Amino acid sequence: MLYALMGLGLSLITGILNIPNFAHGALFAVGAYLLVSAATAIGNFWIALLVAPLGVALLGLAIEYAGIRRLYAAGHDYQLLFTFGLALILSESIILIWGPIGYSHLPPPILRGGLDLGFTFYPKYRLFVMVMAGLLVLATWLFLEKTRYGAIMRAGIENKEMVSLLGIDIHKLFTVAFALGAYLAGIAGALTVPIRGVNPGMGVDMLGIAFVVVALGGLGNLLGAIAAGLLIGVAQALVAGYWTEASTVVIYAVMAAVLLVRPQGMFGIR
Amino acid sequence: MNRPILLLLAAVLVLPIVVRPAIATEIWIFAIFGLGLNLLLGYTGLLSFGQSTFFGSAAYVAGFLLKQYGINAFLALGIGVGVGAASAALVGYLCVQRSGLYFIMLTFALNQLFYFIAYQWTSVTGGEDGMPGVPRPALAGIDFTNPLVYYALVSVLFLASLWIMKRIVESPLGKILQAIRENPVRAEAVGYDVPRFKLLAFVIGGAFSGLAGVLYAMLFGIVPLEAIGFVFSGNVLFATLIGGSGSLYGPVIGSFVFIWLSESVSTLWARWPLLLGVAFVIVVLFLRGGVVEAWSRVGAKFGSWRSSKPKS
Amino acid sequence: MAILETQELTKAFGALTAVNGVSLGVEAGTLHSIIGPNGAGKTTLFNLLTGTFPPTSGRILLDGRDITGTPAHRVAHLGLARSYQRTSVFPAFSLLENVWVAAFATGRSWRGLAWRKTERYAEVTARARQALADVGLGGKADAPAREISHGEQRQLELAIALAAAPRVLLLDEPAAGLSPEETRKMVALVRSLKGRYTIVLIEHKMDIIMSVSDRISVMHFGSLIAEGTPAEIQKNPEVRRAYLGGVAA
C-alpha cells in the first residue's frame, strides 16, 4: 500500500512535470524523520502525523519554486543531476541533524499490539497503515478524478500545451503537482516509522521501489501506479516469507520480467 | 597529432608529479568511465543513469577471480571489459525499447537490482563491507604494486581507450549514433535499426565502464559496494556534464574536476556528499552551459576539435 | 507492370479507419500523385508503405515482391525512400553529414563501421554530394542544417531521400510552407527527378499536381474515390464534391 502511495506521488510528478525526480526517496525519508521529531516534540503521534507530511509538502514547494521551475527547459540530464544532488543534500542533512544511527519509534498506544484475525495475529499498526494508505490513495484518486482541479492535472499529464492554451497557469499547476507528490512521499514516510523505524538510508531504498512502481504502472498512469504498487507490495511480502534476503531483489526481478514481456509496463500505452 | 592529444600526453606525464600517483590514477580511471558514458549520453542522446552497474559488476567479477584464483592481470582486464559489455548487453536489451524518462528510470532500477544482489550476496561480494584483498598481479614481469608503475599502466590504457573512442566517434557508427540522437524517426527511416544501434552503444559504453571498474578494483585493492551503487552513477554523470557532454574530451576534463572536488572535500568532512550534492545543484542552476561553454571555447582554439565534436 | 502496388490496403486505429481498402498501382518511371482533403489518409498511406506501422489488412508489393510488414528500417534498403511533410532532418549536422548518413545506410557495404574514418568513404561521400547537387544545395554542403532557410530545409529533406539511391520516391508535400518563388524551384526540381525515379507525390497545391503528374489518385475518408490522368480527374464530379470547390479549374 505504501508502495502505491509512493508510486502515485512519483507518477504524478514525472507525468505532469516530466522530470526524473530522484529526490522522491529523500522526501520520503524527510517525512519519516520529521514525524519522529514532531512526535517527540509535541508528544502526540496523531498531530505529528498531520504536521510532518505538510512539512514535506512545504519543502516540495520550496524546491519546485527555487530550483525545478528553472529547469523545465533543460534536458533530463540536468534535471536528473539536480534532483540527485538534492537527494544527496537532503540525506546528508538528515544525518547532520538527526545523527547517522537509526531510530525506532513505537506506534501510538491505541495501535499497539496485534489483532486476532482468526488465522494469524496481525500487528494493529500495520493494519492501520494499510487502511490509512488506502484512504489516502482513494482520496488522491477522487481528487484527481472528480474535482475540476484534478481534471486539469490529469489533462496536464496528457497535454501540457493544451492546458496552458486554455488559460490555466501551467506553472502553478506544476508547483501544486510537485507539492502534492511530495506530500504523498512525506506521509508515506511518516506512516512507515513505527513499522521499520528510521535510518538515513531509507530514502534510497524507497526511491528504487518508487521508480519500479512507476515504470511498471506506466508514466503518468495513476491507476497503473496504484495497481503496480499493490502488486509489488504483495510480491515482496510473499517472497519475504520464504526467502527474506531476496525480497528486495525480487521487486526488481519482477520489473525486469514484466518489461521483457511488455516494454510499456503493465498498463503503459506505447 | 592534434593539440588536445598533445595536451593530454603532457598531462599524463606531469600529473603524478603534481598529485599523488593514486589520485592521478583515479583520474584516468574515471576518465575511461566517463568516456563510456558519454558515448551514450553525448553522442547517442541516451541518459543512462546506471553505468555503475557495468563498472561494479566488472570490478566484482574480476576482483573475485583475481583474489580467489590468482588470475593474471591481462586476463583480469579482459574479463573486466567482457563483463562490462555483457552486463550492458543485458541491461541495454531491456532498456532500448523505451526512451525519455522511462529509459532513465529503467537504467536506474536495473542498477538497483544489481546493487541489491551485490548487497545480499555477502559470501561473494562481502555485502556492505565490500570485497577487500584484490591483488595487483604482475604482468610480463613488471611489478605493479609500485603506485607509479601502476599509474603508467593505467595512463597507457587511458590513452588507448581515448584513441579507440576517437576512432569510434569519427567512424560511421559515430555519425549514426548522433543521427539517432538528433532524429531517431528519420534515422530509422533512412535504414538504421535504431534499437540495435542503441544496444551497440550500450555494449561499447559498458566495455569502457568495465575496464574502468577492474582498474579501480586493482587500484584500491578493494571493491566497495558503492562501486555498483547509484551514487557512483551520479558521479560519472556529473563529471561528464561538467566537462561537457558535447565533446570527446569533455569526460576527461570532468574527471579532473570531479576527482579533485571529491578528494579535496572528502578529507575535510565526513558529510562531504552534502557538498557534492550542493556542487551538483550549483552546476545545474548556475553554471549550466557556463563551464561547458568556457571549456568549448578553450577547446575550439585547438584546431581539429571539429572532427570529433559531436554537437555544433 | 507496376513497380509499386497496394492491394486492398487497410489501416484501422480502433474505430477509425484511416486507410480503407486502397488498391493502386504505380508504373515505373512515372509520377503518380495522391490528392485528397485533409484527413483523407494520404500520409497514413505513406506510413504504411514505409513500414512505420503494419497494415490491418491488405498487401504491399514492390516489383512484384510482397513487402507487407517490412519494418521501417528495412524499407530504405528495399529501394523505397521518403521525404516528410514536416521537415525531419538532423539539425546538429551539416548538410553534407545529413545526406551522408542516409547514403551510408544503403551503401554497398558497412565494412569498417566502427573504426574507419568517415572521410575515407569516398563512394558514399560522392553519392551524398551528388544528392545535394541534385537538389541545388551543392554549394552549402558544410552549412549546419539548423541554420539554413525553410526553403532550403525542404530541399535538404528531399536530398536525404535521394541519398538512399531509391527506385521509388515518396514525397509528402515537398512544397509545404514554401513561398511562390520557392515553390517554382521545388516544382522544377521534382520535374528534373521525373524519369530517373518513380515518384509518388502528395501535394495540396493543385497547380503543381496538374503540371507534373502522369496519373492522379484521389482519396477521401480513407478510400480511393477516383483515379486517372490529370485531365480526367479535373472533370470528375466526385472529386469536385470531395473538395468542396478546392480543385483549381
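For clarity, chains are labelled A, B and C in written order, and residue numbers in each chain start from 1.
Methods note: a residue touches a chain if its C-beta (ideal position, glycine included) is under 8 Å from a C-beta of that chain, and two chains touch if they have at least 3 such contacts.
These numbers were taken from a predicted model, which means no experiment stands behind them.
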- Top of the farthest list for chain A, CA-centroid basis, is C
- Query: Which chain lies at the heart of the structure, taking centres as C-alpha averages?
  - Reply: B
- Measure off the straight-line distance from the CA centroid of chain B to the CA centroid of chain C, and report it in whole Å. 42
- Mean-CA-position distance for chain C and chain A (Å): 48
- Item | Chain centre separation (chain A, chain B; CA means) in Å | 31
- In chain C, the residues touching two or more other chains are none
- Query: Of all the residues in chain A, which ones touch at least 2 other chains?
  - Reply: none
- Item | Residues of chain B touching chain A in the complex | 41, 47, 49, 94, 97-98, 100-102, 104-106, 108-110, 112-113, 116-117, 120, 230-231, 234, 237-238, 241, 245, 271, 273-274, 276-281, 283-285, 288
- Query: For the complex, which residues does chain C have touching chain B?
  - Reply: 50, 52, 71-77, 81-82, 84, 88-93, 97, 100-102, 104-106, 110, 112-118, 121, 144, 146, 160, 163-164
- Note on the structure: Seen from chain B, its contact residues with chain C in the complex are 167-168, 170-176, 178-179, 182-183, 185-194, 310-312
- Contact footprint of chain B on chain A as seen in their complex: 14, 18-20, 22, 67, 70-71, 74-82, 84-93, 95-96, 204, 208, 211-212, 214-215, 219, 245-246, 248-249, 252-253, 255-256, 259-260, 263-265, 268
